[in-house]
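Each of the next two complexes has chain A plus one other chain: chain B in the first, chain C in the second.
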Partner chain A sequence: MPDDPRLSLILALADDELILGHRHSQWTGWAPHIEEDLAFSSIAQDEMAHARMLYRVARESGLTDRDDDALALGRPPEEYLNAVLCERPNGDWGYTVARQYLYDTADAIRVQVLGDSSWRALADAMKVIELEEKYHRDHAVTWFNRLAEGPSLTARERFAEGLTTAIGEAIAVFEPLSGEEELVSEGVLPRSNEDMLGDWLGELGEALEASSLDYVLARHGPVGEMVPTGSGEIPVESVDFTVPGVVRRDGRWMHEGAFAGAGGRRGRHSEDFLPLWEEMTALYRAHPGAKW
Partner chain B sequence: MVMRTDVREGVGREVWEALAGVHDPEIPPCSITDLGIVERVVLSEQAIDVDLLPTFAGCPALDVIKQEAEAAVRSAAPGHDVRVRFVYSPRWTSDRITPAGRDALRSYGITPPGSPRGDRVVIPLAALLPTEGATCPFCGSANTVMESAFGPTLCRATHYCRACRNPFEAFKPKTA
Partner chain C sequence: MPVWDVFGKRKPDDEFQWVGGIKAPDVDMALVLARETHFRHKEGVAYAVRRRGDTDAALHVGKYGGDELGGLTDRSYRRQEAYAGVGARQKRVSREFARAGVRIDRSRPPAAGSPRARVPDA
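Up next is the complex of A and B:
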């Protein structure tokens, strides 16, 4: 884990964008129609650019001496701090759109909060990112409405399945960072992850209830911890259904206790990460320090 | 746009004109000064520093623009140490595009972003239908729909004109 909590924060943000951007780019040439091909390709291009901006901020702030290529492509798997949600394969269109909706609505909250960060360079980058992310969120909301409210029951069911699969790991986007208390007390992270998660889950619950899809919150995936990447440990399905992580209380959906797919912020990843990392970094590993 | 020309005004003007000769490779008629991405030019005895603002963070033209801006400034002010860099503050918004830049976009078949204030177009009858679409760069109608917020470059969206039945592109509005 990085010694400086600011590095943990900015790598979590940048790695989320890089890894999800990589997944989005895998739709290039394969999306159901050409507009979506363009949409996911463009969103991927934006996300990777945001990652690059943030890696540069990390370097220019003196937190690392590695450049953006070395940070994006030159780290061992256990040093990537992305949320597990971002590394999952695209699956079907229902899962892709569900994940994009969950990620971009969650991202919107932290981008807005970090626009007020006491870390000036990070705040400036977030204000640029905010204007571009609006288009991603509009895209996701359009698809949410079309699949949730559209005439096709099959589409709605597949979207609901996608939401069910993704929701637990989407909650873990807000998994606390190492050294988070220090970040919050110094105003670098103006609001804690738990606090932001409360807002997001409240909004999400309302959107799902409006489409009668809130049942997906009650039956999301198992809660568990990722094993350390590359450790050789076998993942244990340590499922404790008594702590589902999400509860409905006083008419509002809330987070309680555990995280599904937790560990991303500490470099612990799912079985899907290593193949992604191997492909993504193959060229850079074959030619260390290569420049375009 | 702030231009500090207090040191040597003549050089300042030449540098600015050199930058005005650099065009966005993705929108050739549009110069970088008209796009509003030249934020600051600082002249000193030995050096010229130019701060540019990226339109979209992932725009692949940024590196080309930086190189061409450096070359243009160097040839306009030989003997100076020229440094061109991109900065993120203030953030670029699409209302920084000048009226000349909006004309240049339109001449390339791309509808300028945001409010059409100051734009002169001939309005056909079809445009009087109550719609809020982007103005068609071909016929001037506002009876248009956005087909996709994405397009051939990060800064353009895809639209369709119901009046003249042409697909067209519009520069994406980027404002707070």
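Up next is the complex of A and C:
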């Protein structure tokens, strides 16, 4: 794990965008229709641009001497701190849209919170990112309405299945960071991940109830098993990675229980990460230091 | 699926001009998709859609302004800029090769089998 908790924070943010951007880009040429193909590819590019911007902030703030290419493509798998949600294969369009909706609504909360960070360079970057993420959220909400309320029952069912699969891992977007207490006390992270998780679940619950889809919250799947991604030198956690449960209390959806074990924020990933990493970094590893 | 005409303004004082069309199930989706299909390279400062055939209906104007169309982060990687200044570079390389006694500004020899490669009858 990085020594400076600020590096854990910015890598978590940037790696989420990079890895999800990579998955989104795999729809290019395959999206349901050509207009969507363009829009979704464009969103993929936005996410990668955000990752690049954040990697540069990390370097310019003196947290690393690696440039954006070296950070994006030159790290061993266990140094990536993205949430497992972002690395999962795209599945069908129902899962893809469900994941985009869950991720972008969760991301919106932390982007807004970090806009008030005491780390000036990060706060400035968040202000720019927030303007672009607004469009991603619009895209996700429009598809949410289309699939949840549209005339097709099959579409609604597949969307609901996607939500059920993704929600557990979406909760883990808010897995506590290494050194989080220090980040919170210094105002770098103005609110804790647990605090933000509470806000997100409340809002998500309302949106799902409005479409009578809130049953997916109670029924959501567990997070998958984390597998070793490194050389074996990292100590293997004895506790399986689990996320808090979700309950409805006093008319509001909220989390119950705590995170256990280690997930993406500690560099622990699912079986889907290594193949993604191998493909994404193949060219960089084959030609170290190449420029064009 | 319904077809929507897409309109745009290049400058804030322009009138909306027709720029193309897209397919979308409803007006919300049409606006979401029109933004990226027609304005992702900063082609305009305002955009709108109208269902094709509804010529008397009002335009549905998109909510994103000019500074947000086409994005705010560095998009240089989206543009093909490697060809800028290629002519000048070629001339410079030719001059350097000529100094070294190599000619690269002659036309390419004809490919074997092409009509130009055939020896004319004497």
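We adopt the following convention: the second predicted complex is superposed on the first by the 267 of 292 C-alpha atoms of A that agree within 3 Å, B and C clash if a C-alpha of one lies under 4 Å from a C-alpha of the other, contacts with A are read in each partner's own complex, and residues count from 1 in each chain.
The criterion applied here is as follows: contacts are C-beta pairs under 8 Å (C-beta built on N, C-alpha and C of every residue); 3 or more make two chains touch, one makes a residue touch a chain.
If you're wondering where the values come from, they're calculated on a predicted model, not measured in any experiment.
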Next on the checklist: Do chain B and chain C fit side by side on chain A in the superposed arrangement, or is it a clash?
Outcome noted: clash
Item to check | Touched partner set for A:I10, first chain B, second chain C, both or neither | outcome: neither
Next on the checklist: After the superposition on A, what does A:E132 contact: first (chain B), second (chain C), both or neither?
Outcome noted: both
Item to check | First, second, both or neither for A:A49, with chain B first and chain C second | outcome: both
Next on the checklist: Just checking: does A:E35 make contact with chain B only, chain C only, both, or neither of them? Give me first, second, both or neither.
Outcome noted: both
Next on the checklist: Looking at A:I19, would you say it contacts chain B, chain C, both, or neither? Reply first, second, both or neither.
Outcome noted: neither
Item to check | Which superposed partner A:A166 touches (first chain B, second chain C, both, neither) | outcome: neither
Item to check | Partner chain in contact with A:M196 - chain B first, chain C second, else both or neither | outcome: neither
Checklist entry - Taking the superposition as given, does A:D124 touch the first partner, chain B, the second, chain C, both, or neither? => result first
Item to check | Where chain A meets both chain C and chain B, residue numbers | outcome: 35, 38-39, 42-43, 45-46, 49-50, 52-53, 128-129, 131-132, 135, 138-139
Item to check | Residues of chain A defined as touching chain C within the complex | outcome: 33, 35-36, 38-39, 42-43, 45-46, 49-50, 52-53, 128-129, 131-132, 134-135, 138-139, 142-143, 145-146, 150
Item to check | In the complex with chain A, residue positions of chain C that touch it | outcome: 1, 22-26, 28-29, 32-33, 35-37, 40, 64, 68, 71-75, 77-78
Checklist entry - Where on chain B does chain A make contact in their complex? => result 54, 56-59, 88-89, 91-93, 147-152, 154, 158, 172, 174-176
Item to check | Residues on chain A engaged by chain B in the complex (per definition of touch) | outcome: 35, 38-39, 41-43, 45-46, 48-50, 52-53, 121, 124-125, 127-129, 131-132, 135, 138-139
